[in-house]
Structure formats: structure tokens, C-alpha cells
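As written, the chains take the letters A, B and C, and residue 1 is the first residue of each chain.
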Amino acid sequence: MPSGPAIELKGVSKRFDTFVALDGVALEIRAGELLALLGPSGSGKTTLLRIIAGLEWPDTGDLLLGGESAVRRGVRERQIGFVFQHYALFRHMSVTENVAFGLRVMPRNRRPAEGEIRARVQKLLDLVQIGHLGDRHPGQLSGGERQRVALARALAIEPSVLLLDEPFGALDAKVRKELRRWLRQLHDRLSMTTVFVTHDQEEALELADRVVVLGRGRIEQVGTPEEVYGAPSNPFVFDFLGQVNRVRCQVRGGRPIVPYAHIEQLNGDPSRDGPGTLYVRPHDVILARDPAGPATVRFVGVVGPVVRLEIEVVMGAPVLEAELPNHVYAGYRFAAGERVSVRFRSATLFPDIAAGPEELSPADLSLLSASL
Amino acid sequence: MPSARRPAIDSRSEPRAVRWTLIAIGLAFVSLFIVLPLVTVFTEALRQGVGAYLAALTEPDARAAIGLTLTVAAIAVPLNLVFGVVAAWAIAKFEFRGRSLLITLIDLPFSVSPVISGLIYVLLFGLQGWLGPFLSEAGFKVIFAIPGIVLATIFVTFPFVARELIPLMQEQGTDEEEAALVLGASGWQTFRRVTLPNIRWGLLYGVLLCNARAMGEFGAVSVVSGHIRGLTNTMPLHVEILYNEYNFVASFAVASLLALLALVTLTAKAVIEWQTGAGLRRQGH
Amino acid sequence: MQPRSASTVLLDRAPWLAHDYARRLENDREGFASGARGEALVLTRAPDPIGALEPDRAAPSARRTLSWRPRSIIPGFGLTLGITLAWLGLIVLIPLVALFARAASLDASQFLDAVTSDRVLAALRLSFGASLAAALTNAVFGSLLAWVLVRYSFPGRRLVDALVDVPFALPTAVAGISLTALYAENGWLGAPLAALGIKVAFTPLGVFVALVFIGLPFVVRTIEPVLQDLPAEIEEAAACLGASRWQTIVRVIVPSLFPALATGVALAFARAVGEYGSVIFIAGNLPMVSEIAPLLIVIKLEEYAYGEATAVASVMLLISFVMLLAINLLQRWSRRHLERS
């Protein structure tokens, strides 16, 4: 029994001409886990997936499948299930023929008998719940049905690993949610190592056992959904996952100074003095009605179950976003123009890396003087 | 109730009178330059009745010309078919430097006068040509013989299949081929089972056009054939000879076969467009 | 952050993030603007620290320079390109090069004598003149026909549309003898025209008629798709702005069609210059009067004057290549024009 990781990437880099798609990516994917590669487009996530499948080659680095180097193994020999973003169904074949394709092109000595192929295809179609659509052609199917056919086709060759490229990207919101849940159930049933690529944070957080956040060809963070959302390890992940307020501050004597807001819980390292940025989620911005408060409510928008407020700090143009559940908001009923006080329930500090003193803007200077 | 009358001036159309005038001019032009010549072929061919018509077609030299035309097409078309598919695969499925230059070069024979297309082979293989003396010593005759006719025909029909397939295959991309390869298909299986079925209509269309031109080519073949009756005369050349001998009925009789071929080709084209929906898309309004 | 980048960002994100991003961009701009005013601020927006919000400036395919040998999992590149180049070289390139090599082996005075003799000049003048006249005629009637076929519905429209391809498909020799029979003095059209004193067959006018016939589909088929894709909105907009129908056509439609029209005319012209089969029957082939350049090549060949034939051919070929280049540029222009509109 192989006990190591199902897939292992070691220092994988890939360039397209001047564009660096992947830059020294190292990653271990555990057998049986459901892993999401999450990142904005251009972050290299699809390239990474295609390298695992054998559809692209790394310039440098190594790829191990089941403990063995697979870089030199061709795509045909890898036996990997791959679901393409736009499904790439064979449009001239029926659903049944599509799913049977991988079995029918096997070398004669491994190819199952025609009867067995048919039985296996039907079983697969039943598994993905489209047993009744076998005679249809891809053009006659809905997006969700096509997705299921693509999945059944990929599973037909009994792959060791299942790779999905933006599996729900081309579907409308409702179908997407439904299929997402169904894929999770299917994965739990088959317990097959599964990697999917997405740019949709909600999808990654809801579906995956672990999330790999990619940015500009590098891995920014790897962790469970709770970890990457709750404790982003760097500003990129903070920005990419969920909405966030970025608040400039000065760190002095082990604490960041924001004159108009009280910080309840500070994350990050405030040991170095100098300019920094606080990352505050909108739902961590707490407001209280206060006629002498430093901030003004500028805009109140009710978006279904949540209420979004824009807060303008006195004398400052930049706007803070606050978010609170509708039922909480009902107790306050802030109106535009009202004065409020501000608390940050939780804020994460990242010191500015490059900013030297010469880069201080007039705004920074005024901030400095205000805090003295 | 007052009848709902369309406003006299629609923002996207012209007054009725203008419309019909333009339609009338267009139809007159098509009748004059296309329909009448087409009709003339058949009326001239049948001028002396069906008997004379059939006699002209079954006469030995005519039969030899028909046979030669079919033979030449049977060699040239499959060769260009294979070339077209191969070239389209290289050009449409891969991105490489010099690709657009390659496409231009493949299209080149279209911009060469048919007479020059024949001439270049005379200069290469004729008795005064570079390879001519060498070939004649070997007892191999290219010019004024069938090989020359085949070569000239291949040249003038060179781009047909490839230029039909390249845009089609480019539009289809490589997703399905990649999917087939991931599922374990070999290169040949991928082509046979995935690519070929997707391009079959475009391929058929290209082959039809290629065939029509191969059977109907006149200028290039005329230069290399030597016009030896019963031996190196293709149908178009036979038409010319009969015409120059003032044997108009026979000439038009053979010509009518070629005209029929053209009509069949165009009908097939319409059917293919209807099959693939391209016609519908084109007639979108 | 440039406001222009907003749309690029939005395209890449799930729709529900769009609102959020648009607002962030707005905030960023405000943040910097107020900072520049130098007011006493207690809070500024941090600059985007690592460019997480920037759009993909380096989409992989956007500015990739291609390699000679692509790396792809699709098999068969070397084999198919090899066969393509070999076949192309054997059938097309080597013979064409042979023609130019042959022409280059003539000495200069011989070459010049061959291409500047009165007969050759007259033939070239006729070939190019009649081709130009025919192409321009087709520009008018071809556009009209394309317009009628695309914009109006009338009985038999699809049949007429199919008939436009006849000159493509009909062998040139067939077209040649048929046009001759039609326009000869005892023909259906020749007789009434002769009564008016117009002689078509066996005159330069006959050459013109044949070249109109073979050039028509080039113009119609190049304009048709462009006319079809012309968005209705631009005409409606012109009408809303108070343009008359005539003004709309002259100022909006014709300029949008012009690149396609120019391409079609150039294609028809290029084809007409080299045309042989459909012309020689109706032309009468009188030296200095109705003898076209391709025919002259054939005549020289029959006289075994290979040098002269080669000289004339190389001049014509050179001109065709120049026109091919021009057509390529026109098509590129046409495409760019389309993308812009």
C-alpha cells in the first residue's frame, strides 16, 4: 500500500515566453483528499492542473504520481481522469459513446469485451444520475448534464486521480450549487484523489478538504478552508478571499495606531515600528451610534440577509465598509448622515515591506502628526 | 379600424420602389451573365436533337477524353485530399512561427495564371527543360503525356481541401483531441475517431470543389497536354478542339457534361451548407 | 490603479464580486485623489501591496512569440509539417522557382526585348485594362447584388444566391464557348447588339464580358458576410440622429463595406489578369487588338520560343505576387476594420 502522497510536485516552474506561469511550486496532495486550486486567472492554477495531467510539461522541477516520477510519462500512460472546463465532449458521439471512448481505445489485450463495456458505461451513467440520457448527443444536453457526462467519461478509465478544470465555471448559479454538493457526495463515495481548479472562493471553501491559494505562479497559502479564510498568511490571500478593508496605520511601541477606531483583537506582528496596513473584514467593523463619534454613515444598503454600510471617517475621504446581519441592524437602524463610533473586532497587521521614509505621503505625515 | 400601415421609411430599408428596382437590376445582371450562358450550353448541345447529342458523347475520342478526365481526377484529388488534411492538421492544431506564411504559400496556386501553372512544368520537364533530357533518356515522358496533365492539375487544385479545412479545424480547437489523448487514445485513434468525424462535411466540400476544378481545368492542362486526340485530351480540351473544328453540337455536348458537373457540385454545396447549418447562419436575416 | 483595468478584473471574477471590486476601485481612486490634495487625513487607503487586485496583464497567449517547434501533446507535428513542406516544395515552390531561374538566365537585352515588344505591350495593356474595367463593373453590380441578396427577400432569392457561384464551378472552357455563342453576331444577345452597332464577340469588349463573368462571385462573396454582420444599430443610430436613408448608406454603410469591397475587387482583378479559358474563345485573338497576355505565352510556347514565354510569364507572375501581397494587406485591414466596428 502506498503510504506517501498521491501526487507530489517539487519545485515546478513553467514559463510561456516571458510570462511566468508557475514559479517553484512545491505541493503534496494526499491520497483520497479533495483539493482546490484557487486563484485569480493568470495565477497558474490551470497550468498546474495540466502539468499533473500531462497536457503541459514543467520547465524545471519534478512531478511524482504514487511516488514515481511521471514527468517523462506521456498523457496516455498516466491514467488520469480529466474534466475539461468546457467539457470537450465529442460532439459527434452519443453520451454512451462518449463515456465508452476510453475503454474502446484501449489496446486489444486490455480492452474489455463489448458487453462489459456497455454494462460499465450504464453503471457510470447511473452513478452520475443520467442513465436515461445515453442516446442523446452532447448538443441536446443542458450544461449540468454535460458536466455529468464529462465526469462519467473521465471515470470510465478507472483513473487513480481525478482532475477538474473550473468544473462549474460554465454553469448558472443554481445548477452550480446543486452540482457542487453532488460532487462532494460523489467524492466521499469514491474517495478518489480529486483536484479541482476554481477562481470562485465560495466554491473552494465549501467543497474542498484543503485549499491551495495561488497567486502569480506561486503558492500563497495551503490549508483547510477555515485556515485560509480565518487566518490568511499574507495580504494577497486576505485580498483574494472575501472582502476586506485595508487601513493604513503607523506601528508605534508594539501597537498599530488608528486614531478613530478601537482594535479589540490584533493579529500579526506589531513588533517593528513603521507604516503598516491593517486588514479588517467588513463584519469585524462594529459601529455604535455616537453623536460625538469620529465617523459618519454615508450609505446603507440592504442586501438580502445582510446590511452593508459605508462609513466615512471625519475629515477623510476613504470609506470603510461594514457588514452586519439584518436582524442585528434592525436594533440600530442607522441612517445616512448619522455619527457613529467604530471598533474593529479583529484586525490583522502586515507591516509595509518596501516603504522607507522617503515614500511617506502627505497623508502619512498627517497621520503621524495626528497620532502624536 | 384603420389598417396598420408600415411607415413609408423604415430606418433600415428603402422605399418599395427603390427596393424592387434594385432587385430587378440584380436579377437582370445574374440572368445576363450567369443564367443565359448556362442555358446556352444545353440548348446548343441539343440543337440537333438527343440523337446527335448522344452520338457526340459516345464517339471514341469523346469517350477517351472522359476516361482521361476521370483518371486524372482520380489521381489528383486523393493526393490533394491527403495533403489537405495533413497540412490542415499541422497548421490548425499547432502554433508555430511562419504559420501564416505557410498558409499564404499554400494559397499561392490560386493567384498564378493557369497558363503559367502549365508553363512551369514545361520548363522543368519539357524537352528543353531542366529535367527533360534526363527523363527522355530514361524513356519517361511527362510533358505532352498524362503525368504532366496530372501534375498541372494537382498544382491548380492544390489549395482547395486545405483552405476549406484550416479555418474549420482552427475553430474547433484542440479540446476534444486533448480529451481523447487523456482517455488513452493513440494519435491515429484520436484523428480517426474524433477529428475526422468533426471535419467530415468541410472535407467533403473541399473535395467536391477540388474535383470540379480538376475535371474542368483548361489553361494549365492545355499547355502541358499536347492535344493528342484520344490520348492526352481531357474533356475541356476536347471541347476546345471540337469547337475550333466548328463541330459546335459535339463541343457543347461534351461541355454540357462539365456544366452538369458544376451544377451537381453547387447543389451538393447547398446541401452541405444546409447540413452544417452554415447556410442558415449565413442567411441569418 | 487605472480605472480602465476595472472591466478586465470584472471579467475574471464571479459576478457577485463585481460590485465589490468596482467599489474598491472607486475607493482607491478617491483615496489617492484626496491624498494628493494634502488635506489633513487620519486614514488613507493603503496602496495595493502586491498587486492582488491588478488584472492579468500577462495573459499567457496574449503576447507569446511563437517557437519554430511547438511543444504540445497533440501528436504528429513533425510528420504533418514535414509532409506539407515537402509536397508544397515539390509541387509549387520548386517549379515556380524554376520559372524565375529560367527568366534570370536570359540576358537582359533579350529579356527586355521580349517583354517590351509592341505585341507583348498591347497584350499586357489589354489584359490589365480589361481586367480593371471588369473588376470595377463587378464592384458596382456585385455590391448591388450582395445588398439585394442580404437585405431583401424576394422569391427565388436562395436560387440566385446559389447561382452566383456558377462562375467558380463552371469550367472556363465551357464558359468561354457559351459566352461566345451568346454574343456572336447570330447569338441571342449578339444579334440585338449587332443591330445597335455594338460588336462584342471577337473584340476587346468580348474579353471584358468574359472577365465580368468570372469575377462576379469574388466581389459578391467578399461583401456578403460583412454586410450580414453589419450591426443594425449603427444604421438605426444614424437614422435617430436624423440622417436620411441615402445619407446613412453613403456615410455609414459604404465606408464600413469599403475594405471588403476593395478586397473583392482586387481578387476579381487578380483572377481576371491570369484568366485564359473563358477569354480565348470570345476574344478573337487578333494580335495587337484582342490578344491577352496569357494567350501570348501559349503562342510563344507553340513557337518553341521558351525564352520569350518565360519572360512574359515572369513579369505576369511578379505582378500577381505583388497583388497577392496587396490582397493580404487589404484583408488584414478589412479584418481590423471589422473588429473595430
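Definition applied: contacts are C-beta pairs under 8 Å (C-beta built on N, C-alpha and C of every residue); 3 or more make two chains touch, one makes a residue touch a chain.
Owing to the predicted nature of the structure, the values given are computational and were not obtained by experimental measurement.
J.: Between A-C and A-B, which chain pair is linked by the larger number of C-beta contacts?
T.: Counting C-beta pairs in contact, A-C comes out ahead.
J.: Just by CA atoms, which chain is the most central one?
T.: C
J.: CA centre of subunit B versus CA centre of subunit C: separation in Å?
T.: That gives a centre separation of 19 Å.
J.: What is the distance in Å between the mean C-alpha positions of subunit A and subunit C?
T.: From the centre of subunit A to the centre of subunit C is 47 Å.
J.: Where the centres are mean C-alpha positions, what is the separation of subunit A from subunit B, in Å?
T.: Result: the chain centres lie 54 Å from each other.
J.: Counting only residues that touch at least 2 other chains, which ones in subunit A make the list?
T.: Where subunit A meets two or more other chains at a single residue, that happens at 54-55, 75.
J.: Give me the residues of subunit B that touch two or more other chains.
T.: 178, 181
J.: Please output the residue numbers of subunit C that touch at least 2 other chains, ranges allowed.
T.: Where subunit C meets two or more other chains at a single residue, that happens at 64-65, 73.
J.: Residues of subunit B touching subunit A in their complex?
T.: Spelled out, the residues of subunit B in touch with subunit A are 175-176, 178-186, 189, 193-194, 197-198.
J.: Can you tell me which positions in subunit C touch subunit A when the two form their complex?
T.: 12-14, 20, 23, 27, 30-31, 33-35, 38-46, 48-53, 56, 58-61, 63-65, 71, 73
J.: Could you pull out which subunit A residues touch subunit C in their complex?
T.: 16-19, 21, 40-42, 47, 54-57, 74-75, 199-200, 202, 215-216, 234-236, 239-240, 243, 246-248, 258-260, 277, 294, 313-321, 350, 352-353, 361-364, 366-367, 370
J.: Where on subunit C is subunit B touching in the complex?
T.: On the subunit C side, the touching residues are 64-70, 72-77, 80-81, 83-85, 87-88, 91-96, 98-99, 102, 141, 144-145, 147-154, 158, 160-175, 177-179, 181-182, 187-189, 209, 212-213, 216, 224-225, 228, 232, 235-236, 239-240, 245, 270, 273-277, 281, 294-295, 297-298, 301, 304, 306, 309-310, 313, 316-317, 320-321, 323-324, 327-328.
J.: With touch defined as at the start, can you tell me which subunit B residues reach subunit C in the complex?
T.: Per the stated touch rule, the residues are 9, 11-14, 19, 22-23, 25-27, 29-30, 32-38, 40-41, 44, 83, 86-87, 89-91, 93-99, 102, 104-109, 111-116, 119-124, 126, 128, 130, 151, 154-155, 158, 174, 177-178, 181, 187, 190-191, 209, 212, 215-219, 222-223, 235-237, 239-240, 243, 248, 251-252, 255, 258-259, 261-263, 265-266, 269-270, 282-285.
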